[in-house]
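Handing you this structure, nothing more for now.
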Amino acid sequence: MSNMSRTAGRHFLQIPGPTNVPDRILRAIDRPTIDHRGPDFGALGRRLFAGLKPVFKCSGPVIVYPASGTGAWEAALVNTLSPGDRVLMSETGHFATLWRGLAEKLGLKPDFLPGDWRHGADAEAIAARLGEDKAHEIRAVCVVHNETSTGCTSDIAAVRKAIDEAGHPALLMVDTISSLASIDYRHDEWGVDVTVAGSQKGLMLPPGLSFNAVSEKALDAHRTAGLPRAYWDWTAMLKANETGYFPHTPATNLLYGLAEAIDMLQEEGLDRVFARHDRHAEATRRAVGAWGLEVLCLDPDRYSSSLTAVLMPEGESADRFRRIVLDAFDMSLGSGLGKLADRVFRIGHLGDFNDLSLAGTLAGVEMGLALAGVPHEKGGTQAAMDYLAEEARAAVKETA
Amino acid sequence: MSNMSRTAGRHFLQIPGPTNVPDRILRAIDRPTIDHRGPDFGALGRRLFAGLKPVFKCSGPVIVYPASGTGAWEAALVNTLSPGDRVLMSETGHFATLWRGLAEKLGLKPDFLPGDWRHGADAEAIAARLGEDKAHEIRAVCVVHNETSTGCTSDIAAVRKAIDEAGHPALLMVDTISSLASIDYRHDEWGVDVTVAGSQKGLMLPPGLSFNAVSEKALDAHRTAGLPRAYWDWTAMLKANETGYFPHTPATNLLYGLAEAIDMLQEEGLDRVFARHDRHAEATRRAVGAWGLEVLCLDPDRYSSSLTAVLMPEGESADRFRRIVLDAFDMSLGSGLGKLADRVFRIGHLGDFNDLSLAGTLAGVEMGLALAGVPHEKGGTQAAMDYLAEEARAAVKETA
Amino acid sequence: MSNMSRTAGRHFLQIPGPTNVPDRILRAIDRPTIDHRGPDFGALGRRLFAGLKPVFKCSGPVIVYPASGTGAWEAALVNTLSPGDRVLMSETGHFATLWRGLAEKLGLKPDFLPGDWRHGADAEAIAARLGEDKAHEIRAVCVVHNETSTGCTSDIAAVRKAIDEAGHPALLMVDTISSLASIDYRHDEWGVDVTVAGSQKGLMLPPGLSFNAVSEKALDAHRTAGLPRAYWDWTAMLKANETGYFPHTPATNLLYGLAEAIDMLQEEGLDRVFARHDRHAEATRRAVGAWGLEVLCLDPDRYSSSLTAVLMPEGESADRFRRIVLDAFDMSLGSGLGKLADRVFRIGHLGDFNDLSLAGTLAGVEMGLALAGVPHEKGGTQAAMDYLAEEARAAVKETA
Amino acid sequence: MSNMSRTAGRHFLQIPGPTNVPDRILRAIDRPTIDHRGPDFGALGRRLFAGLKPVFKCSGPVIVYPASGTGAWEAALVNTLSPGDRVLMSETGHFATLWRGLAEKLGLKPDFLPGDWRHGADAEAIAARLGEDKAHEIRAVCVVHNETSTGCTSDIAAVRKAIDEAGHPALLMVDTISSLASIDYRHDEWGVDVTVAGSQKGLMLPPGLSFNAVSEKALDAHRTAGLPRAYWDWTAMLKANETGYFPHTPATNLLYGLAEAIDMLQEEGLDRVFARHDRHAEATRRAVGAWGLEVLCLDPDRYSSSLTAVLMPEGESADRFRRIVLDAFDMSLGSGLGKLADRVFRIGHLGDFNDLSLAGTLAGVEMGLALAGVPHEKGGTQAAMDYLAEEARAAVKETA
């Protein structure tokens, strides 16, 4: 494909994270590193710890690790559980499966409620399983809020209700790696005990930071939890965080970016951020529908606003299609993961993103389908544009 | 329009320059400033002076000014002409008109061949006028290669031929501000004496640098030219440039960007750069046609590959339309200039740009037409996509 | 010198401009270019035009050119004078001499009051010459506030007084290229008509912008001034500037840096900026004295706070010394210019600079003197440190 | 201290890490994030894994974590050891003590050979302890190559020899967080099994990455090691790394910086990097001696070339002194850690650093001593300059 100008213009990074990092954040991480034990750093730290709470909608502490999201999963578990503890997990997709594997590696005993990778977590099944657990051996319920591999969300409020109605004392842990700051999420209101998050999606940062938002109940569990831990230890973190510092060297420059991200979210307003993601997701689904393709998620109430996974027609390779799109149009799409490998492609429409970039993205998908010879109807991009224009019209009217 | 998320995602800067500056160049100009009299600077300067020649397709010197393009116009005139000299100019549009005004301010006497702002320069009219000038009072013929206000190019080879066939000794000066490194241009082959260029279009730099590529004949004229000059003086420039330096302090950081731009053009290859611009221009015209709107340029042989000016339907305000596009979709389009004010909008598709960004751009125009209630047919973006996909297919086949 | 690590650590750019550009400004110019005709640009322009006034201490307009300082010299002259006009200039050094040459190239007739390059402009001589000019043929008095080639300032208030006492109507034009935002300067209070400035010194920007601050009287002169002008034309500039825009494409990204520079000056406070430069200049002179070397400037009242020019002992080559310093310590020092070539070296201590960087600079000079075998006494750096510590002590006491 | 210009000029970050990150690396991490599963990323990954080997002087794999150095300590232990395993550690200072605490938290049983925090690890004591361990219960010997809290190095070759002579099968693990790429280190030659390193010191990066270089023997131990692990798991890492990828999302932008750092080290040459650090350390010690102060490290053979810890005279507060230096001269010095709190200050002279920055650093210390009223002799900076000039002279001669 040597005659195409792959290098001209901006790459379209439309995987469901890492997302297109905005210039403001890239410039922020490009500032000189400072003394992580000096007064300027303490001021930065205090600002971050305060600024993160509204993003998680929590009143308790948010712990920040120099680590990927996987690290924050591990931190959630090792800080609250003991060897051999049972945890209840829902098979929502590839990342739920990975989390289960991680729990097993750490010596926990996951109950894995089966799923079809096309729905969110089944709150009724969770309620049922908890109801059977009269001895309260299950110490935690772990749910992925937004399954990055499938584009289905789980109803966390419903899961909370299921736990409450079962009168079960298990902790509720939620992975929001690809939903935080993209899809409405309420740590306190939904009674979540540990929220796990990462920097490289809705927070618009490069990867390298991850988070645990922690409830009082989780802190109580922490005090008696028996899994060995050092790097991830909340106690050491929380003590140092009180004055804005960290017990070991933090990823200073990524923290600069985090401060900028918090400012940007505040400037736009979280509600508008969520509305924007909803709009882009709906536009994307309209495109998929117009192409005659199938959205992987089967439950319209649980469509993800961060990404849309699209099923390839029978016999078509999603990976070949993605390669053609990358070669011809310099756009990265998400691959099918785990058992969905080569069967779906995923369109990320989260983070620092707008209507025209979405239109370019969908045009790239539509042209790629044509190039790859994938059976489809034309007109998806047009359908998305019709919707986006209508939404914009509504906005114009409101302020006329 | 307060409910729209204007701040999310990247701005679409689709005016016909300044263009979307690529990250590589922004990062380059962000490097520490160095001693403009030190050895590292001399090496940079020599690299630039050599690297610019293939971009202009010239073998003589290219002079670099810390100035806008207007400055390079002025430099071309004051270095080669004397007070009261006659110059022959073609009214191709707003910028040709401005250049005439500049010549008048400098005390020159422009003959301004009238034009309708919908065609390139008329080589036959130039030939005729030169033929009348038996006394060879006309000292220079000044033509805009690509009229940024209209999206029409002029046939420089034909102008050269006209001069030659008239046996006229006038210098040929060409403004390539919005064509250089976007549309094929050949300083030497076309016998141009002074080529005027700027940094902020096809060279992909921020504004702040401008250029004179200079022929032997222009240097001869320079020796006897009587207009006062100091800042713009070629003699001082050329002497200092010999060793890589400048007679006054150069815009060091923009020069870093220029070095990067030259590298990028070389990596992509000028022929591919031109082919990419041609492709995007054709796709844009197909969109305009599908919308049922009219391209301003009436001569298909002289369509610009840098920008497309689109006529608004009678009674519609182009400026209101542009404002709606800016507010709703965070895209800047070019305004109508001079007598075209409010009558046309201009789509810049030059510089560091690719198929998907063009698709997003055209989607923004199409949605904006709907929002603004401008009568049009849907389907322009689709038409562009059909063309782009077909072109990409051809490229794929070639390398299969 | 292959065994030295020239590439490690930061280069010391201790020429008297361009200066060490602070990271904040480099990052600012690294932002995406915007539409120079759009609303965001207008807001930026208005902010700049307002913010520049306190820097010049002027109430009238400040015009900003994409050009080097030489361009702003030219602008000052062509906007206010007519061919053949006499201008009175003072030979303070190399830059005054260059300015004279520029005036001559533009067709003006400079009277050049001779100087020894070791003092500022002689206000009495100016008064005398103006007194002789009964016909008021002299249209402008041009003085360099801070001679970058010698490190001597001129007393602008005294020059003003000389003009006033002579009852002479000549305009007063002052070059502040290496003094603005480093040494106290008062456009309005000193009755200056045109102040010429550049971006790359006290304003801490890369080179590429230059300035004319303009009085009412200068504007009056402008209306009848006969020198041809177009690019530099104040009328076109002022008209566009009214709403925050420019008549031709401005150097957008450097303007971002200018906005940042204005913020930084305001945050530090101009008085503290001046005090800092005074302190560093005094520390440098103490070092020079301790080395047993001679400061070029012979008038202690007119020592420059931006730079210090140091005379080499008889028979020693300043350029060889500077080359050794560059090779051994990766520091650029200013060369002797014009008739001072190879006789002096110049230490720039202006712009974004602090005590420890000055100490490193002086250590580099002192070590370089040793390496080059230049006769000198040790202890200059120590003398500077003694002074700097004493000054810091005073500051500590004030706030104790 | 309101009258000082704390904000002007560059901050001197002279803690012993994070170090002054060079612009090249800051700009590198400022590039757009890419798809961590795409082909460009794979190429980057493969380049990094190859490029790291010469830095560690190892032939086996180097594993890269998005984590601080503490994480890499944890990774070294959990990948190779089992609950209850004995490890032999040497109390070289604060970081050795922290590592012991970490081992305990993970359920290991450290033998902690006592030390006075003024020497490196005692190879003879290690040999003796291993000799007593007839049952080979000790599974690992853990040594800090360069104790960042004391400025003493440990002789790793001697430790290796001690293990070998004891015929003991324990693994050798070495913390090189503040020595790698600053002080000569030889993973293979010294028979180290796990080398622990971090990004923010000699590698000149911001914090956020850490490393395990791993021997065959360590990999063997890994296969049977019983500590739970998931995030840190070498097996998953090594499998993904084979093709240039990671098992979980890597810190892409810091990896860009790492690639740049490897290039910079290669360009300068590791031997020259080490010689530069040695030179700066010697110059610093000469300054300390001239001030009449005491270097904490008592063994001249084991002086650190990365940092120098200086004992405060009896009764003087190191923290007050450091605060004064920060307020008056905008320089961060390292604090005394653990039992050395307020008793020492530490001068970092590692990473991207040169002679003049060192001179500025020492001048800041010397002026700070004066300001703080700490009893000392003047002349330390001068002594350092004398040495640096002499060293530079030698270099000049070699190439004359």
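Think of it as A, B, C and D in the order they're written, each chain with its own count starting at 1.
Convention: contacts are C-beta pairs under 8 Å (C-beta built on N, C-alpha and C of every residue); 3 or more make two chains touch, one makes a residue touch a chain.
What you are looking at is a predicted structure, and each value in this text was computed from that prediction instead of being measured.
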item	value
Any chain that touches chain C and chain B	A, D
Longest centre-to-centre distance from chain B, chain (CA-based)	D
A-D or A-C - the one linked by more C-beta pairs in contact	A-D
Whole-Å separation of chain centres (CA-atom averages), chain C against chain D	44
Chain centre separation (chain A, chain C; CA means) in Å	53
Rounded Å distance, chain A centre to chain D centre (Cα mean)	35
Interface hub residues of chain D, defined as touching at least two other chains	10, 20, 23, 27, 30-32
Sites on chain C touched by chain D in the complex	1-5, 7-10, 12, 20, 22-23, 264, 267-268, 272-273, 275-276, 324, 327-331, 352-361, 363-364, 366-367, 370-371, 378-379, 381-382, 385, 388-389, 392-393, 395-396, 398-399
Residues on chain C engaged by chain B in the complex (per definition of touch)	10-11, 13, 15, 17-21, 26-27, 29-39, 65-71, 73-74, 83, 101-102, 105-107, 198, 200, 206-208, 227-231, 233, 247-254, 326, 332, 335
Chain B-touching residues of chain D, taken from the complex the two chains share	23, 27, 30-32
